[in-house]
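Next come two complexes, and both contain chain A; in the first it sits with chain B, in the second with chain C.
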Partner chain A sequence: MALPRELEATFSPEEVEFLAGNEYTDIVPLETMDQLPLVSATIPIMKPPRKCRVPLWLALELKRQHRARIVPPEWLDLSNLQSLQEQEMEIDMFSKMPFRWLETGHLLLKACPDDIEDVEEVRRILLTIREARQSKARAGLEAVNEVQLALDNLGAMEINEIRPLFRETMNRMRKIVQVSEEE
Partner chain B sequence: MDYYDIDGILSENQKVPCTCNVSIPGLGHEGREVPAGSKVELPFWLAEVLAVNSFVSIHMPIPFSSVVRNALKASPTSVSLRDICTNYYHFAENMLHVISDEQLAQLTLDTLRKRSLVIADGALNPQGALQQNSDFINGLDDFEKYLLRTAHSTHRSLTHWHNSTSY
Partner chain C sequence: MDWDVDELLAEPTTEVEQDYSSLCRQWLNERMAPELLPFAEDVVTRVTERLRAQVETLQTSIGTANATGYRSVLIQIELERIKFVLRSYLRTRLSKIDDYGQYIQANPSVLLNLSSTERQYLLRHQQLLHRHYMTSFLRELPIKMNKLDDTIGRTSMVAAPDMESPVFCMVNETIEENLRVAENEYVTLDRGDILLLKYSAIANYVRTGAVSLI
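Let's turn to the complex of A and B:
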């Protein structure tokens, strides 16, 4: 299948976001709902006000239909984010963020801002963390050689962003080294 | 895949200086014979085949002369690679097949590394980069231009996704 040139090298952000929808989140249902036998798991009977653990895509859909409220994940609360932000500013390496933090944060901020405390502050902090990591990633490109590049704790979306540039550069370097070692 | 790679084919068109070890018929002007010992400039695809059979010896072409090498060693980001050779990295790969030169390989790797940093920066804002750094952007060879284009399009789709509020 012929892909457009941009998609040949990497996923589109929408695809990465789609993959993030499979992570589990807590919701508080607003009405009673029957159990849902799905392919990968059976969603149990949902009775308010008991919390229920469902995949993110289902949580977003129920929220949109006003049948549930989403409980933000533990890492998305203000004090945790503030300490993560400080950590990000202090050290040169990437701080330990959840693997899909950028796309999950984006989805939740878009879909349920009313369920998150201090949502504007959270939005601002996420943006700051993202910019700090972006500049670190650019600086990390300096260490690239043809064998490996170690950038620990990068999120899924950030890896996706860097992938084309790194891949092409590393490929080209690998070819040059391969050819010069042949003799 | 490398056989059909258009950039590879184009890069093989680069002329290299050679000395004929034997006299070669048909190579000269209007099909005349070229006497042994004379210097000719042949496209790489021809020179490689002839050199494998020892009919010619290939000399170091201009893109890899010591003048260019010193310039690249001193400041890789201020050299205009395009003026030297439109497909520098491909051509380096081709030459390294024939000539074994560890220093050249190392130099090419370092050049690529340093220049890709500037390219990554430029990809975030090509308009601004063009105004500030137009010599560098105009001096990128084909591979680096491709890097710039892909890096920019990934960045653009990411920003577009990030700013989208529709749900």
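Let's turn to the complex of A and C:
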């Protein structure tokens, strides 16, 4: 009761997005602002047009208020994504995407498409990568045994998605093995 | 291209940032772990204190110039974020205390993981529950059958956390020895690895911070 049942087994997507909000990102402030001491960090003085490093949640809020532009992270660049996409298509394993790529990409595409170069192409590529990885995750279900599974390079949101199914599968396999060992 | 792992696992620099980062990690661990982890007393106390100080600053600044109006909004947004994490952390722990109350009371080593407030809550909650059950129906049962912690037979009445429950985890520091997960199966634990394993295999590493649950 203290914790809603749905949240016992996994996080809600909003919570995963919340965590992505903690990551630091660069912004270009459009107005000056004095140092802002917060509970979780001290936001440095903002003097346009000098770049400033702030948590993503703050960057999104400032962008919303037209007080800053967001500098997209290095990995969210067209040529980089194109090579990541190629990698993703070639290998069976998951290619090396930033841990919070899905939720961060989603937040940035929604909040500041005007700050991202070739945004439509970027959007398309992210979607392709997402679908490729989703089908790999589904195939990965076969590899689940009762003991362990390596899932290197899987993203936070992707893990959260498959968590209930994979955990339950592993649980059941564990019970089956247990029963068969007792016989 | 190791830039991502290093960035992801990079420690924040200031104490303020470290505390928040630590709080979030404790929250994640607590949510995903089947057992009740040690209460992060230090971190929670410091963060709560800073929260309180920030609220005071906010209230005193409400009277002053409007130019700072926007800053107050940002401060408030952040306060809500911190409170969210703190609340969820505490609620997760309460939920586990509710579920495993008897088990915790019966195991003093687990009892140590609770804060003093939680211990008081546990005691009163269990007393209330026990009294309620007693007056509702236990009284009517023969003495030999009205225990709540019967362990005769294969299953115990006391619900204990399932330590073999599978969890997703990320390795923060490379660990020398390979981890034994079954009779003849071992896994390597290298920094940045993501694994799905039974919780009992990495329980100790979660406590030291070498591995965190995701």
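Everything below uses one rule, namely that the second predicted complex is superposed on the first by the 172 of 183 C-alpha atoms of A that agree within 3 Å, B and C clash if a C-alpha of one lies under 4 Å from a C-alpha of the other, contacts with A are read in each partner's own complex, and residues count from 1 in each chain.
FYI, a residue touches a chain if its C-beta (ideal position, glycine included) is under 8 Å from a C-beta of that chain, and two chains touch if they have at least 3 such contacts.
Everything numeric in this text was worked out from a predicted model, so none of it was measured.
**Student:** After lining up the shared chain so the two structures overlap, which partner does A:Ile91 touch, if you call chain B first and chain C second: first, second, both or neither?
**Tutor:** The answer is neither, since A:Ile91 touches no partner chain.
**Student:** Of the two partner chains, chain B (first) and chain C (second), which one does A:Glu14 touch, if any: first, second, both, or neither?
**Tutor:** First partner only.
**Student:** By residue count, is chain A touched more by chain B or by chain C?
**Tutor:** Comparing touch counts on chain A for chain B and chain C gives C.
**Student:** Output check: A:Leu165 vs chain B and chain C. Expected answer is one of first, second, both, neither. What do you get?
**Tutor:** first
**Student:** Of the two partner chains, chain B (first) and chain C (second), which one does A:Asp152 touch, if any: first, second, both, or neither?
**Tutor:** The second partner, chain C, only.
**Student:** Per the contact definition in the header, classify A:Ile45: touching chain B only (first), chain C only (second), both, or neither.
**Tutor:** After superposing on A, A:Ile45 lies clear of both chain B and chain C.
**Student:** A:Ala111 contacts which: chain B (first), chain C (second), both, neither?
**Tutor:** A:Ala111 sits against chain B, while chain C stays out of touch.
**Student:** Once the two structures are fitted together, what part of chain A is touched by chain B and by chain C alike?
**Tutor:** 144, 163
**Student:** Can you list the chain C residues touching chain A in their complex?
**Tutor:** The contact residues of chain C facing chain A are 1, 4, 8, 12, 14, 16-17, 19-21, 24, 28, 31, 47, 50-51, 54, 70-71, 74-75, 77-79, 81-82, 84, 88, 91-92, 94-95, 98, 164-168, 181-182, 185, 187, 192-198, 201, 214.
**Student:** Can you check the complex and tell me which residues of chain A touch chain B?
**Tutor:** 5-6, 9-10, 12-14, 17, 64, 106, 110-111, 138, 141-142, 144-146, 157, 160-161, 163-165, 168-169, 172-173, 175-177, 179-180, 182-183
**Student:** Could you list, by residue number, the parts of chain B that touch chain A in their complex?
**Tutor:** Against chain A, the touching part of chain B is residues 89, 92-93, 96-97, 100-102, 104-105, 108-109, 112-113, 116-117, 119-121, 123, 143, 146-147, 150-151, 153-155, 157-158, 160-162, 165, 167.
**Student:** In their complex, what parts of chain A are in touch with chain C?
**Tutor:** That would be residues 1-3, 7-8, 11, 15, 18-19, 21-22, 33-34, 36, 38-42, 57-58, 61, 65, 67, 75, 96, 98-99, 144, 147-154, 156, 159, 163, 166-167, 170-171, 174 of chain A.
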